[in-house]
Amino acid sequence: MADEPSWFERWVDELLNNDRFQRLAAKILVPYWAWRTAVKPQPGGPHFSMQPGDNVMRMMNLVMPLKDKSPVGRAKAALAIAQNKDEIYAGLDNVGTVHFARFVIVADNICMFSVYDGDFTNYIRDFIATIGSVFDAVVGLVEGGDAVIPSERNIEAFIDWVHAHDLYQVPDLATDLLRDQEAVNGAQPCTAGNDLRLLPRALILQLHVNSNVSLGSGYRAYPGYSVAQVRQQLGIGW
Amino acid sequence: MSAVFNAADLQGNIVRGYRKPRARYLILEVTNREWARRWLTDITSGRDNGLPQITSEAPWGDTKPDSCFNIGLTYQGLRALGAPAASLATFPTEFIEGMNARAVKLGDTGASAAELWPFPFNHPQRVHLIATIYADAPAELDRIQNLAIGDGRALTLLGTRDGAGFNGDYVHFGYLDNLTQPRFAEVHDPDRYADGQPMAPLGTVLLGYPTNFEGLLFRVPQPERLGLNGSFNAFRMLQQDVAGFEAYLDRAADDLMAHPKLDEVLPPGAEAKIGGGLSRPAALRELVAAHLCGRWRNGLPLALYPDGDQVPSDVNMTNFDYVGASRCPVGAHIRRCNPRGGQIVQRVANNSRRLIRRGLPYGPAYNPAHPDGQERGLLGNFIGANLGAQFEAMACDWLNLGLQDPRVTGSNDPLLGANDPLTSWFDLPLRSGGSIRLRGLPRFVTTRGGAYTFLPSLPAIRHLGALTD
Amino acid sequence: MSQSSEAKQLVDAVISDFPDHAAGTRPVHTIGVGVKGTFVASDVARNYCIAKHFQGEPVTATVRFSNGSGSPVQHDGWSDVRGMATRFHLGDQEATDLIAMTLGEFFSADVAAFLAFTKAAQPGPVERQSPWQKIWDMLQLKPPLPGPMPGQSNDLGAAGMLKYANRHAAAQLAVFQAGMIGAPVSYARASYHAVHSFVVIDAFGVRRHVRFSWQPVAGVRTTDPAIPPRDDYLRQELEQRLERWPARFMLMMTIGEAGDAFDDPTRPWPDKRIRVVMGTLTLQRLAPDQTADCEQLSFNPCRLTAGIEVSNDPILRARRDAYEVSRQMRGGSGCPFSGGSANGR
């Protein structure tokens, strides 16, 4: 009896592995557990850190839903960027802390993904000072954006708004998710009452409230350098 | 909406210093909301009602008062006074969170961690007001303190901190301080001379005025009466390990004496230009001290006088800029905190993170002949119109991390930074273009308390006094 | 005296997790294969470390790949940590070892915690979930427990390790990752991590805390868990692979910053640290004498050379004597430690 699974066991195994059953079960189970063990949304962006390696090449992942979800709306967003190429480069060169910046339209969202050095608020503030008009043009097309433009007159609110649209970075190490959840709840790191087998559920529930996330803090081929260090080493001036 | 500058509206300790040799900081908690509001009304009434009166920026004329009195409020204090939630929400995030919560951003980790701050700073929810008394004599500090607290029905005294200049403007690490402050066109300060920097716009320090950033205005906390002409202060109690600093200078000098490039650092005979004829090791100590700070101990800036501190005494100590191949190291303390017009990575931010710095040393003067373990340091106030844009921005990206110049990125300020001797470094520039890397700098300054306070205008204080539930 | 009794305690504790352990064999990583190769340092390695093998001249190396288990019964295809122990032959009888495994962190930060862990990790009876238990787990959104593999006689300590991890945050990551580690398709297609921090010293006397990892040039690949596991394939695979072409590994060295866990092997360093390519290891053939160059060879993580020192990691330091005791117990061949402060005394 020990090694030979019964028909019932085999039936259960097949059921649990069935994709449609899994999706149906999730439709019921996820909201139930989200209600039972409420998980608070995690803030976006990288954690504060004292270490130089953590403060260069940081990721910003902004996902901003467009007001106008038609091709016309997307074209407006595309033009808002294309018409401001000089402004964007002036900002990049004179703020000096951005490695890469990309604007991407995905579904009905205009997204901005960038790699930058140093403090997040300094980055946004210095950019407001240089290319505030471009920010206004783009954010004006986004849901909820009117409340925080013109950015030059609403510096603090604009920075907070960008931060609110910056995606949560799911930790590189799976168990650090538990530490993030403890931090947001103001709890001490676990000494008891944890079940490692619930880590997948913790992840599911976190992704239920933070539906768009960055997976990890990014993969770097040459971690640990600022923009100016790279430019200086390569002899192209900074 | 740019306000019109009226000096009588401001508290007097912001755009100019009083130059009093003693100060006492009263850290206060609101005992009773009604009485606290009445207290605020009474201290700005201008009448002699038994309470000290807020000193404003209005000119004194011929007689300097015996003492001056000013206040700052934390976010918790504004809450305790019953400011409406809608008004509280218009204050900046970093002020709302409080200095304790910003510890990692400011480098308050390890021995400087906020959890280790002595009472009352480790209970930030109780620190509501910080009142400052400036005087010439300790007896006057006591007198004003008693008047201010009275029977304690309005405010409870949680603690005091005393500052006292022990030798003019000298501070405990032996440097002459208070040489440079932002200058404003609207304010005539006879102590401030041409300093090689543009005049600072009033918005550098006061809310409601144009800032150094073109077209940018910081949000004025609402209602306007409350926020206009106000300012923000990062009050910090910074303990200084003077013995450790001097010991480090000894070690650095020893290492340099044995270094193959010693003659490039200090050419033979060049020690005559330092300190009025010191031995080579002693001159090296002073040379290292000057490079770590950016000024010789007597205040002479390295940018103007890189070879020695023996210059006629009536020279302007602050009229310089870091242009071209300046001999002041990029990582030196004063250059990190205020890069002036020098080349920095964040080009747009030149002159935008300036701060007004007020403060006094605390603790007894250090005597190297009789070294002691007494606590000593600096009670510092770092004042600006926006904490996030100025104090915090400078502290996290420039003071620590060194992001403004690739040659110092990854290192911390040699005097104030969160240095770990296992990994810290500082590059001593050589005239040939190379450098000698000094290592093993320990942490010389430990944070022992602090708070973000709002420095309201006099009309704002009256507004808070007139709050009703 | 107490140091060697602590070492014996450690060895016995490890052996206790494998009830069928055979005397005269290694307490863990019992089954393995020896390989010969050459290591050539990169052109920048010498800027970070004065050790001989980092100066650029090719250096011969003996490597032992192994399965983590201490049981004499071979199950290559079972989910298990793999080991890669490398001896760099520096000439004149001098050698230095680098011991690495496919798990990126350790289970405990100090000896006491490790002894508690090994006690908790003792194997229990094979658990097979009933269908009702599986349904109950699914309702709780718990992932299904893997069923026992054919021939599995105990639970390999899984239940005990899970219980321990639930009470000790420091062990959670290692237990979580070990549970999912699977089996590589080849010893040459896994990443091996030395886990502990070492201190490398350059020509100017500058000391840096670093961690080493071997990255397979052929890439990482594990077997398909849906396919029934095979018990004996890794050695043949390696032999056949090396007949066709050499297997290469890059030695990556990550430089730690103040605030990183220098002395705590349970905490990996963030990926955002500077990573230096220190050199390439090229493996050419299985060692002809598997007895001398695999079974009897005894590696030691503290067998270092001038230019490399141990950190204050208590587990790393404890391994020095523990490996010595284990070597003596099984009659492995000795290799005198090279003298000097390089060996963490």
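Going by the order they are written in, the chains are A, B and C; count residues from 1 in each one.
Assume a contact is a pair of C-beta atoms (placed from the backbone, for glycine too) under 8 Å apart; a residue touches a chain by one contact, two chains touch by 3 or more.
As the structure is a computational prediction, the values presented were derived from the model and not from experiment.
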item: Where chain A and chain C overlap in contact partners, by chain label; value: B
item: Most distant chain from chain C, judged by the mean position of its C-alpha atoms; value: B
item: Chain occupying the middle, per Cα centroid; value: A
item: Chain centre separation in whole Å, for chain B relative to chain A (CA means); value: 36
item: Centre-of-Cα separation between chain C and chain B, whole angstrom; value: 52
item: Touching two or more other chains - residue numbers and ranges from chain C; value: 257-259
item: Per-residue overlap in chain B, given as positions that touch at least 2 other chains; value: 109
item: Residues of chain A whose C-beta touches two or more other chains; value: 49-50, 52, 56, 224
item: Interface residues, chain B side, partner chain A - complex; value: 92-93, 104-105, 107, 109, 213-219, 344-349, 352, 386, 388-389, 392-393, 396-397, 400-401, 403, 405-407, 409-411, 418
item: Interfacial residue positions of chain C with respect to chain B in the complex; value: 206-207, 209, 257-259, 262
item: Chain A - residues contacting chain C, complex; value: 2, 8-9, 11-13, 16, 25, 29-30, 33, 49-54, 56-57, 172-175, 178-179, 189-201, 204, 216-217, 219-220, 222-225
item: In the complex, chain C residues that touch chain A; value: 128, 130-131, 134-135, 137-144, 162, 165-167, 169, 172-173, 175-177, 255, 257-260, 268, 270-275
item: Interfacial residue positions of chain A with respect to chain B in the complex; value: 48-50, 52, 55-56, 93-97, 117-119, 121-122, 125-126, 128-130, 132, 152-157, 159-160, 224, 226-229, 231-233, 238
